[in-house]
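In the two assemblies presented below, chain A is common to both, partnered first by chain B and then by chain C.
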Partner chain A sequence: MPIFVPRDKAIMRLLRPIIAMGICLSMALGASAQALDSSDSSEYLIKAGFIYNFAKLVGWPQGAFAQPDSPIVIGILGTDPFGGIIDRVLADKQIDARHFVIKRLKWGMDLKGCDILFIGSSEAVHLEEVLHALKGLPVLTIGETPGFARRGCIINLIVEDNKVRFEVNLDAAKQADLNISSRLLALARIIPQSAADVR
Partner chain B sequence: MSSIRKNNTSLMASAGRIFLLGMLTVCPPGNVSASGPSGPDNPQNVPDVTSMSLEDLMNLQVTSVSKRTQKVGDAAAAVFVITQEDIRRSGAASIPDALRMVPGLEVARIDENKWAIGARGFNGRFDNKLLVLIDGRSVYTPLFSGVYWNVQDVVLEDVDRIEVIRGPGATLWGANAVDGVINIITKSAKATQGGLVTAEAGSEERTAESVRYGGKIGDNTYYRVYGKYFDWYPSIDATGATASDGWHALRSGFRVDSNATTANSFTVQGDIYHDNFGETLTVPSLTSPTFSSTYPNNGYNTGGDLLGRWNHTFSRSSTSLQMYYDRTNIADPTVFGDHESVYDIDFQHDIHLGESQELVWGLGYRSIQDSNGSSFTVALLPNHSSLNQYSAFVQDEVSLLNNRMHITVGSKFEHNPFTGFEFEPNVRVLGTLTKQQSVWAAVSRAVRTPALTEEGLQLNAAIIPPGTAPLNSPLPVVEAIFGSPLFQSEDLLAYEVGYRVQATSSFSLDLAAFYNNYTNLRSAEPGAPILGGGPIPSYVILPFVASNKMGGGTYGIEPFAEWKILPRWKILGSYSFLRMNIRKNADSLDPTPDIPNGASPRNQFYFRSSLDLPKHLEQDLIVRYVDQLPSLNIPSYYSLDLHVGWKPLPQLQLSFGGTDLLNKQHLEFIPEFINTLPTEVRRTFYGGISWTF
Partner chain C sequence: MNLQNLSIKGKLMLITMLTSSAALVLSSASFLIYDLISFRHLLTLDLMTQAQIIGYNSAAAMAFRDEAAATATLSALTAKEDIVAAVLYSPDGTIFAHYFPNGAGHPSTLPGRSQENGYRFEGGYLEVFRDVTLNGERVGTLFLQSDQRQWSVRARRYSAIVGIFVLISGLFALLVSSQLQRLISRPILHLENAMRMVSTNKNYEVRATRFYSDEIGRLIDGFNTMLSEIQHRDTALQRANDELKTRTGELEGEITHRKRTQEELLKAKHAAEDASRAKSAFLANMSHELRTPLNAIIGYSEMLEEETRDSGKLENQQDLRKIQSAGKHLLSLINDVLDLSKIEAGKMGLHLETFDVSLMVEEMVTTLQPAIAKNTNNVRVRLPDDVSMMRADATKVRQILFNLMSNACKFTDHGTISLDVSQSAMEGQEWIRFRVKDTGIGISAKQQGKLFQEFSQADATISRKYGGTGLGLAISHRFVQMMKGRIGVESQPGQGSTFTVYLPAQVTLDTAEAAQSEGAGAAAAGSSQHKPELDTILVIDDDPAVRDLMSRFLTKLGFRAVAAASAEEGLRLAREVSPLVITLDVIMPECDGWTVLRKLKSDPHLAQIPVIMVTVVDNQPMGFDLGASNYLIKPVDRDRLAVLIEKYRLARSSSASEAKVYSRPAASREERRPIEAEVSRRT
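Then we have the complex of A and B:
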């Protein structure tokens, strides 16, 4: 065995339990652990979770919903990156008395019936026209393409270091008459509207 | 070689349809929704994201966690993935530093600009059984069958992940992927848009700066350019005096990724570098009264590479074509200079045959041009050589029992100018026991083909002064190591097993064990003395000639566990046990004693605690233990590293830390063959800043 000076011995005495604890505890846990659901994390599963949270933390103006139990309509515009994930995540979920309804939309279809509009990357070329069509309506627009928030999308999801982050364009939220909770804002990156679009 | 697909999703090739999530960074988002067999398409497996807060969701990893704890679960090989987060949180300042966290790897620093890095034994500065790739480009030098670690570098912030496979990867990666494959994969240009400026300073690393900028050309084409400079202080020798091993390097490069159409994507990337290094050398000398001379030696390396890759997707198959050129110039004014050019072309075709079968085949060609300048210490004959290598491989993966069992069978076939035809088959079986548990086993053959030096080297290692007992030679005796055209490939037959369990949503364990049986390992056999020094001999050469008279077994076990104790607190640890029984054959006359484990540690521990604190602070503590290196008389050591990261603004990342806090100074390795003075690893402190815009 190697030779240590006394100082190292003391440090070793200190460290051995830490290491032993780490390894042993891990092993013991592994042996006795029950088989629980594995937490598979995937981009669009996480993003669906974000959308659900946004729906909880955004206040729509009075009159945006016809009835107290009118569903929250989520439109997915353009190429749908969620597959069936968002439908499964939001099935049977409700916020207050509102269920979710998910619609797949294509460019050119009527967007006005949505409360939340997820604008896919495929729509980058006509984002301005989409936003123009929704001008003044209480629709929470959500994108996932760099630059969308600056261009007037209210929330933009971005992946950074393999984690999902989001930007909020407050001017756009104000124009849509949506009230965004401070809890949401505290976690967001606030993006100013690009000068050209401020009117 | 078939590194094309192995670049994007390297492990997919080795283990079938495994790392789907790993593709997130290289695929357009629209392609990702199919999240793999155990992914969210499987309702029982989906965590309830609606019960998670935004904070929790923001802490979920899109790729990395899954890759290590779930997707790696589908690979029939011992795989470890270092993520970008691991690199940042460990405070690693270089690629070798980052590799220290991998179970089963041995990483030892020799001096400020040299390392010994190996997998599962045989570690050395000129370790020849580990294959290293950067974005699909092999950085294995044909000169000594190893890696010039001092010329391999990237902007660490631009690394997407480093995938390390312990054990043979020869069926896919070819000869020399004997004990392991290290795949350094940088982010796509699309993932590195905008600017990044980093600066670091520390007690050891005087300064390090990098600048990167990424932008967009047209609709589907992204680029980035970077520059990186660092300057390292000389370290100290055993007496505490300043050594001569300072090092500074300048490097620059670019990458362009284009998804021209949905079916075609292109990547072009390149790098160029220049570094100046110092060291203290001891070389034999006939003119000195001590017959050796020790002096500070300064040299430089320059080089560059250019790589292009084209991926094309058909409805049920995909192809990729990759070409690269790599140039390395080693300018060491007193010992050895070398210029090496590698041209490589690879083609790979993946075909899905029905629901349960995937066939991959590929072709490769590599041309190597080498020219070198000799000295009394090191000479390589011929001075110019040109080598051509051809290869082909085929591998089939079949899924059985309703996808619960996967069998992979394949082989590489290659031809090299030294030993001719080689084949490297493997069989791998993966069984899924439950959703959370899998077992795997593999039997594979790998070969390590001869390097240029093993064919034509003369290395004068030391001089025995005249009159020294027991030779009592009237002339000085030069002990020299010779290559030999008779040197054959080294062979490995490897048996591996593994077990993985995702025991709870927060705890996972990965266990790998192996038995490796080596034959025809390199020995140095004494030959008949030769008179040297011209017509009137002035010295006698005692040659030790490269031969294949060594072999034996190695075995080991490598558990790795990760436990998320709290959402904000994770600990992970690994233990590596290695036992080597390598012996000379009965007919070998090699005078080197057989020392079990040689220059490789028998036991290693790695432990890390990663804590996320409020206010965007993160704190990491790393404890490592490396056992003694028996043949080098290097004692075991513990090391403690601390790292604190702080992100006060989304664009700003600050980091502070200390490495080797338990030791004032210690030695990690003593190099073989070339007598470079190893220097002491010291306790260091550093701080860094990185700004994105």
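Then we have the complex of A and C:
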């Protein structure tokens, strides 16, 4: 893994996104990080790492998992932007005793078995229905489409200045009975629930 | 300044100050060190806690790659002034976020990479590394660097406080010790003062005051005891001194007294010596005065006896003999007394010569015949051939033997007297022993003790019965002693006596003086057989009796006697008659015999004539020195004179070399007196 030692502030500024991506990747992959597929997939590499970190900083209510070692099920609804990246990123990871299980889901399929649901941009039209379907269930919904958080998605990933950031809808989280760590919230942009969506 | 010469006060204060300051500084320092160490530990813990908090707070930011959030978290350290650097490293070791309060970028001490958890002190900085974890997973490393400003500020402040404290407490200690040291120094100073008073003023009545009952108190007690002891002794010494002075005074008085006494004694001694000299002079005069009439008595009685014998008047002859005998006895007594007085005065010397013992014994026995015959004793002489020559004072040896023999004859009646002479070696020396044994009355043991003392006959009654002065043995004893011999007696009353004399065969002198002439063996003592020719003999004497007697005697011997009454006449006659021999008296009016002798010997014509001194003056050496050939003491033993003159006549007629014959050594032997204890007149 190449290490860039910045010599100049200009160069530094130029290289920063790349460095950031590299760091993120390494974080996600840990010591056994594998080589990146391509530079296009680096955004999703980061996002996959984010999802893993979200899992760490979100507390599921009691009874959300049948067993202490029951896997955390991640559902990817709609068009899969990750390709195989997320599988590789999470392959060896575990939180406490829980491994990750990744499911590819289509609109109309049962979403209740998921603990985390990634709602792709393709499902923007169905968002309310999806969210409605999950209402009251401890499922962490994650989107990557602008406005999703306002519409009721608990976390929405956004890209600003070539950096991946995220929004959090605390009300949605409260409804889903999920406890989001203050540390996570400190980094997040808190999005209030839109009045129209309040149910 | 030399610390050892500091006063006690100074020393005490110094000790107190140093001790307390040292203790204070040490304890403060240990406290300070302890405090600083624990404070550093605290700081370290604090920093580590800080790191933990920062790490916790930045974990999510790191996990979500939020640099801004991480930097913001680090910026919270602004409140901590001592933090000079805070850096977050990515797991791969690159710097993720940093914070430098002074804003001047990377300090040079910033480590390039993250390191293991823990803290270290590096270059004056405290550095902490801490893993940043999210849910147990390491997401980065936090590095905090503290400049320990707090610590050094604290250390500085503490040191200042300690310094001030030490200073203040030192001042306090000074104050306290300057007061407390008096506890010790005051009695010592007081003691010193007392001692000075004692040593400078010699005032032993001073006493030091005792303050406390500590060691110094005891010291002061001891000092006081010592002082009183000294005072006591001083008084005693003073008393002894006074006493000594008194005694010395007494002693001086005594000494003065003794000195006076000594002077008196000395005076007395001088007086005694003067008296003794006077006595000696008196004795000498007396002897002269006594001998001069005796000379006449004996001489004329002899002449008369011969004449009466020739004329056959036997009754007168008997009386004359008695007169003659009494005179001779008187002469012997005078001679004994004079001898003894000379011995006493130390004026008796030895005249050594070599002589034939047998001849001497024979001669002595011959002269003893009248005494032997008197008590009808029988004399036996045993004299072996091996005893021949002896070197001693022949006159004294003869006198010793004569005394012993005549004593033996005197105290033995109808008995046997034996003389036994022998020679033997003893103590590495040849000795001649004379043993005289009689069968007489003997001597008791008690009497034997006093035998050789002067004027002590064995018994006072003896002198009445047997006569004698009691001086014979004493004189013999002295003579034997002078010749380094021994004399002893064995006797029992009624059994006879045995006197034994040991004399060295070769008597030596202690001093070089004394011996002058040596007899050249035995001169013939017997009378010669030649026919007398009328040789002239010049008699120089101022005493007409002497001139008369000598002339008659010489005429009888067959000489022509020419008499001169004075020195001038003598000298004139000597030139006129050219005598064979001159007899010369010393004491004469106008010109004495010495002058005459000198004149005779200085005249070439007269120098060869032998001069026989015939005088009462006892100064033989003087006579020999001036050239006299012989020296006879008056009263003259006429037999001796006859022998001498006969010898000169014989020598003149038989030998051509007169000078040899007349030489003094050859003649000296002739001065012995045959019967009466003649003493060599020698001083």
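The rule we apply is simple: the second predicted complex is superposed on the first by the 158 of 199 C-alpha atoms of A that agree within 3 Å, B and C clash if a C-alpha of one lies under 4 Å from a C-alpha of the other, contacts with A are read in each partner's own complex, and residues count from 1 in each chain.
To be clear about the criterion, a contact is a pair of C-beta atoms (placed from the backbone, for glycine too) under 8 Å apart; a residue touches a chain by one contact, two chains touch by 3 or more.
All values derive from a computational prediction rather than experimental measurement.
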item	value
First, second, both or neither for A:85, with chain B first and chain C second	first
First, second, both or neither for A:121, with chain B first and chain C second	first
Chain B versus chain C as contact partner of A:46, first or second or both or neither	both
First, second, both or neither for A:163, with chain B first and chain C second	both
Chain B versus chain C as contact partner of A:181, first or second or both or neither	second
Touched partner set for A:189, first chain B, second chain C, both or neither	first
Set intersection of chain A contacts, chain C complex versus chain B complex	1, 3-4, 19, 23, 26-27, 30, 46, 50, 53, 57, 163-165, 183-184, 187
Interface residues, chain C side, partner chain A - complex	57, 59-66, 69, 90-94, 96, 134-135, 137, 139
Touch list for chain A against partner chain C, complex	1, 3-5, 19-20, 23-24, 26-27, 30, 46, 50, 53, 56-57, 95, 163-166, 181, 183-184, 186-187
Residue ranges of chain A touching chain B (in the complex, touch as defined)	1-4, 8, 11-12, 15, 18-19, 22-23, 25-27, 29-30, 33-46, 48-50, 52-53, 57, 79-85, 88-90, 93, 120-122, 144, 146, 159, 161-165, 183-184, 187, 189
Interface residues, chain B side, partner chain A - complex	21, 24, 28-30, 32-35, 38-41, 43-47, 49-50, 52-55, 57-66, 69-70, 83-85, 88, 193, 434-437, 501-507, 509, 559, 561, 563, 571, 573, 575, 605, 607, 623, 625, 627-628, 635-636, 638, 640, 650, 662-663
